[in-house]
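Structure incoming, see below.
Chain lettering (A, B, C and D) follows the sequence in which the chains are written, and residue indices restart at 1 in each chain.
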Amino acid sequence: MIVVMQTSARERNIEQVVALLQERGLTPHLSRGMERAVIGVLGPVGPTGVPHALPSITPELGEMLEALEGVEAVLPVSKPYKLASREFHPEPTVVRIPSPAGDVLVGGEAVVIMAGPCTVEGEEQLLTAARAARAGGAAILRGGAYKPSTSPYGFRGMGEDGLKLLAWARAETGLPVVTEVMTPADVELVSAYADILQIGARNMQNYYLLDEVGNARRPVLLKRGLAATIEEWLLAAEYILARGNPNVILCERGIRTFERLTRNTVDINAVPLVKQLSHLPVIVDPSQGTGKRSLVSAVALAAVAAGADGLIVEIHPHPDAALKDGAQSLTLEQYATLMPRLRAVAAAVGRSVGDAVFV
Amino acid sequence: MIVVMQTSARERNIEQVVALLQERGLTPHLSRGMERAVIGVLGPVGPTGVPHALPSITPELGEMLEALEGVEAVLPVSKPYKLASREFHPEPTVVRIPSPAGDVLVGGEAVVIMAGPCTVEGEEQLLTAARAARAGGAAILRGGAYKPSTSPYGFRGMGEDGLKLLAWARAETGLPVVTEVMTPADVELVSAYADILQIGARNMQNYYLLDEVGNARRPVLLKRGLAATIEEWLLAAEYILARGNPNVILCERGIRTFERLTRNTVDINAVPLVKQLSHLPVIVDPSQGTGKRSLVSAVALAAVAAGADGLIVEIHPHPDAALKDGAQSLTLEQYATLMPRLRAVAAAVGRSVGDAVFV
Amino acid sequence: MIVVMQTSARERNIEQVVALLQERGLTPHLSRGMERAVIGVLGPVGPTGVPHALPSITPELGEMLEALEGVEAVLPVSKPYKLASREFHPEPTVVRIPSPAGDVLVGGEAVVIMAGPCTVEGEEQLLTAARAARAGGAAILRGGAYKPSTSPYGFRGMGEDGLKLLAWARAETGLPVVTEVMTPADVELVSAYADILQIGARNMQNYYLLDEVGNARRPVLLKRGLAATIEEWLLAAEYILARGNPNVILCERGIRTFERLTRNTVDINAVPLVKQLSHLPVIVDPSQGTGKRSLVSAVALAAVAAGADGLIVEIHPHPDAALKDGAQSLTLEQYATLMPRLRAVAAAVGRSVGDAVFV
Amino acid sequence: MIVVMQTSARERNIEQVVALLQERGLTPHLSRGMERAVIGVLGPVGPTGVPHALPSITPELGEMLEALEGVEAVLPVSKPYKLASREFHPEPTVVRIPSPAGDVLVGGEAVVIMAGPCTVEGEEQLLTAARAARAGGAAILRGGAYKPSTSPYGFRGMGEDGLKLLAWARAETGLPVVTEVMTPADVELVSAYADILQIGARNMQNYYLLDEVGNARRPVLLKRGLAATIEEWLLAAEYILARGNPNVILCERGIRTFERLTRNTVDINAVPLVKQLSHLPVIVDPSQGTGKRSLVSAVALAAVAAGADGLIVEIHPHPDAALKDGAQSLTLEQYATLMPRLRAVAAAVGRSVGDAVFV
């Protein structure tokens, strides 16, 4: 941590910074330049694995120093996340999803495709989509039983009935299931049906929910928030890891920008960057990330080329009759056409697509 | 709702749109131009006050139409919120906060100042701040007992002990209390202590929490999300209103932009715009909105000049020792200096500052 | 164009809109709904190829209508660009860059790689980079002689001396040259040396410069502005096309977002979207688009997978001694490693990389 | 400047950084922490007033260091602008605009109102607006003769004929004139007619234009770019100052954000922040900043309350017939109503509105 003093700072301002740091058992290094002084403190940030305590260097220390008179800025040097950081965990994490037909590994050599309808709407819709997902080579079935709706008058999902349909589709196809959980009180229920708990973009900083899925036994798919920086995203993962759940899959799903022709802007830079900063697997959601069916395939191919460990893609037997997000769902035909192209691009970057194994 | 067809759309694409609309009991108006066809449907969006139902025109209808072949875009005509809209509720809502010394009215002639520490840290800190808040003319005491922390290693507040201190400070000063509630399970507990339930920016689209405070009897202070459009913000208010709680106060607290020298960018345009779009009162948080103590007073004055119905301001007896957000907290002296300036600006725009009445 | 009236609009407001449209020879279609009226006008926007005139439907008509009392919003139906639109020019444009060793085609089957140093610094640096560029398979040499510098104290390029070096490197390697022109007065001079005129992101809306390169005989590489919407970018291309220069290559180079760990955010969605909206070729700049050498290769591969017609990549013999942008320049070794991977991805999506032909 | 090394950096990486700094005559301070090393260099950035040279510490040094192996990040300590900085020029700059009726001072005690039509359209329109501007108390007349148009088919202004009308309106009313210049070649011509040269938002980083107005004798109104950070804005001012023109007025005119209901988002935080960072006067453009007539007055009042030194406001005798931007122009009646309210708010913050003196 580097404390940059104002050019107009007085001697007593510098002394106050030094004193605060010493009080906390830290060793400040003072450098005086022609224009201003800077005070460096090196050391780890935060007590790894000891949440809620107040050790000598806390996440709040920077804020405290910034509040002092004569301080221009506080520049962080260390990363604020530890468990999620590749600096302290150089080997990649491979998240194992148990499956009767052979476990699915996310973060390994194989690119994992998660496909299915945005929203579970009924038996036939789900099963048709699930069978097509498997036939195309997806290894995981996606489908929403609890849906965030911007409007209170919108459809909010089938709830537990939807979860039951997902479990039934899993039994029929052998595909493990990823589905969203939206509130701490539902984590236990959703865990009873789902193989992967999805945290949606709107809930990326719902800390009570992060705590709760951190306590759960299930792998977690953590979507990046609409306006979350990569650092905030990794700190959200840190919440889950700090509770003892190491199985976190990160999902880039587009960020909010000024561009109006697409629903979101897929941050493709984030794919290689997060792979460098963290050992956690990273997948991409080209459906939410674009909001337009005509862009999904191109962005899916780009994500795999950029090094994504997987994709989560919306497919629907009749997108023009979908209750939600039909405009961004691939038809089953488009999906069937996409999959061999994904395999070709994966091979070009030295990976395979990890097909579902038939049970 | 206007359905714009692609220039390359075929006759059967147009027929499919028309058929879908007719199926739902709607009357499409087809216009054929030189380049393309457009199909208009006029009518209300969504069943006001009947959440979760699926009426003929639902929030999802636009998505369905967008998913059809040959459709270029769907342009909404009606606003997606009804209860929050000034179109159907022309008179301003005045939210009444009961208080032994005389109820506080938010949204009336008087500008209401809510002041207090970012975080409740202890007896002395809170009471000193609360007394200064009242002495300066604030009508409401703010203070966080449950705190969102970006890092899992950060301070997350005193919890119920903090709520008890707030209740005690209310008893000492006569100021009603606003404090944040972060998860549905805590709404009952926080309601037992607080006069206004605050929904933080990170939770603006935590729909289960919105439902729960919609069911509660307490007024709600709804902060705008970091990357929420004004329309999404009003739809979040609509969630609360649709549950039967009419007492919603909107709070602009800065949005996330590319600018790096300030924590957030206060959207001052939003103040008059939301007053025009909605009948709900709007206040501004210049502390979170700037993140810098040296900017708080200027932005507070600007907010009142722009027509805000109130302010929520962080003050601290010793900001340089604050556990959180000291850098954006006013000292008690700065606050005491600001209040007469706020009164002068309020008077200049034809309003007063509604002082706390001593008990 | 659809004029949406306010719910509170009066009869005379509607009449005023209708009258203004009729005055201009247009035929308004009025629909009255339960809540409000809307007035549609179908027809082309603007006189294709007749800039500066004021025909019946002008770009300003929407602004005029929005200014009328009782008007809530004006929704455009037609696209504001014509010459750049694929609607009226379904076949893709292939831009031909003459070269002694065989012309380079941008927008055809082959993906075109443009490589070279960010800035021309001297003979040896340029020639070493140019030879490596050709050896790796690049078809075009890039290099900046005129450089935008955010600071007035920064290096602004070698100017005409740099142009001469570029011409000499072209003679040595046979690679045509792309280089930036920053002001209208320099277009003639730069055209004397360059094969492609580059318009930088900061100049995307420098209309006098667009006019001037529109008058020039050289192909133009038009970078997207830092905060330019896709529509504004295509309108900038329209400026050049409207002057009679059909040879415009679009270049996505990252947009400005809230993310702070990367210099820019490459809008990968823009690649397939612009290909759908326009017939012009689209390339990607992964160097500017990321600002970090460690991300360049992954994003380059992604761009080709997404359908980009080419790449413009910064390479430098000694990036750690580069005068500008060394942190985002690939070493010659990294570039040599990237090229076969680009070929593999290009092949996976059914394209080749159009190698330079040795002279 | 602080060079933060990666945790995985080797000894030779550190040595390379130290060597590069020593080579340039700088004194590096190396600190080794538990996790990583950091190397500090204190000293001024760039040779004040000596543009285009390459001194020991250049704006590019940070980029060079970032390009070295083992370097994680380079954190700037000093501000990159000097002439524009308040650190080295504590007293506020007051820009004097000569006028026969008494010079207008921008940046002094009085708030200066610049009013007039967006675009000069003709004699009657301009003179009516100019007379109303003066009658209401504006001290400067605004009006565009050269207009940026997003579309090549849009109106680009009356050109020199518009300048002549402005000069004539100045003669009639005694109000000095501010008008935009868009390209270096026009600076001399526009200077012959205008009292203040306006640089529009799209040209904030048109460095050749900045150089040229820096060489001119006229005061310059420098609008903030659509996506320009405050630092980039001050660096653009530095370009002008470095050429020897000290008379720069900064103008906040709204930035581009994700919000779609307003054309731009006025960054009200920027007003007090820029006043702290720089000695230059700052004004606000509530017309461009909001894009909606109904918001202009509220934001104008807010700007004055926040400490702006002036406003630039669009007014039009018949906004519903305006060729450009009618929807954001105040009617003359609205303007006449606004002015006394502005005076009241100015008085409330201890300032006056500097009325035009009748000649």
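Here, contacts are C-beta pairs under 8 Å (C-beta built on N, C-alpha and C of every residue); 3 or more make two chains touch, one makes a residue touch a chain.
Predicted model only: the values in this text are computed from it and were never measured.
Common neighbours of chain B and chain D, by the contact definition above: A, C.
Each of B-C and A-B has its own count of C-beta contacts, and the greater count is at A-B. One inter-chain figure worth recording: chain B and chain C are separated by 39 Å, centre to centre, where each centre is the mean of the chain's CA atoms.
For the pair chain A and chain C, the distance between mean C-alpha positions equals 32 Å. A separation of 27 Å divides the Cα centre of chain A from that of chain B. The set of chain B residues touching two or more other chains comprises 227, 256-258, 260.
On the chain A side of its complex with chain C, the touching residues are 227, 229-231, 254-255, 257-262, 265-273, 276, 289-290, 292, 294-295, 298-299, 301-307, 341, 344-345, 347-349. Residue ranges of chain C in contact with chain B, taken from their complex: 2, 4, 7-8, 29, 31-36, 38, 40, 42-44, 75, 77-78, 87, 256-258, 260. Chain contact summary for the complex, chain B toward chain A: residues 16, 45-48, 50-54, 58-60, 63-64, 66-69, 80-81, 148-156, 182-185, 202-203, 205-210, 226-227, 232, 235, 238-239, 242, 256, 293, 319-327, 329.
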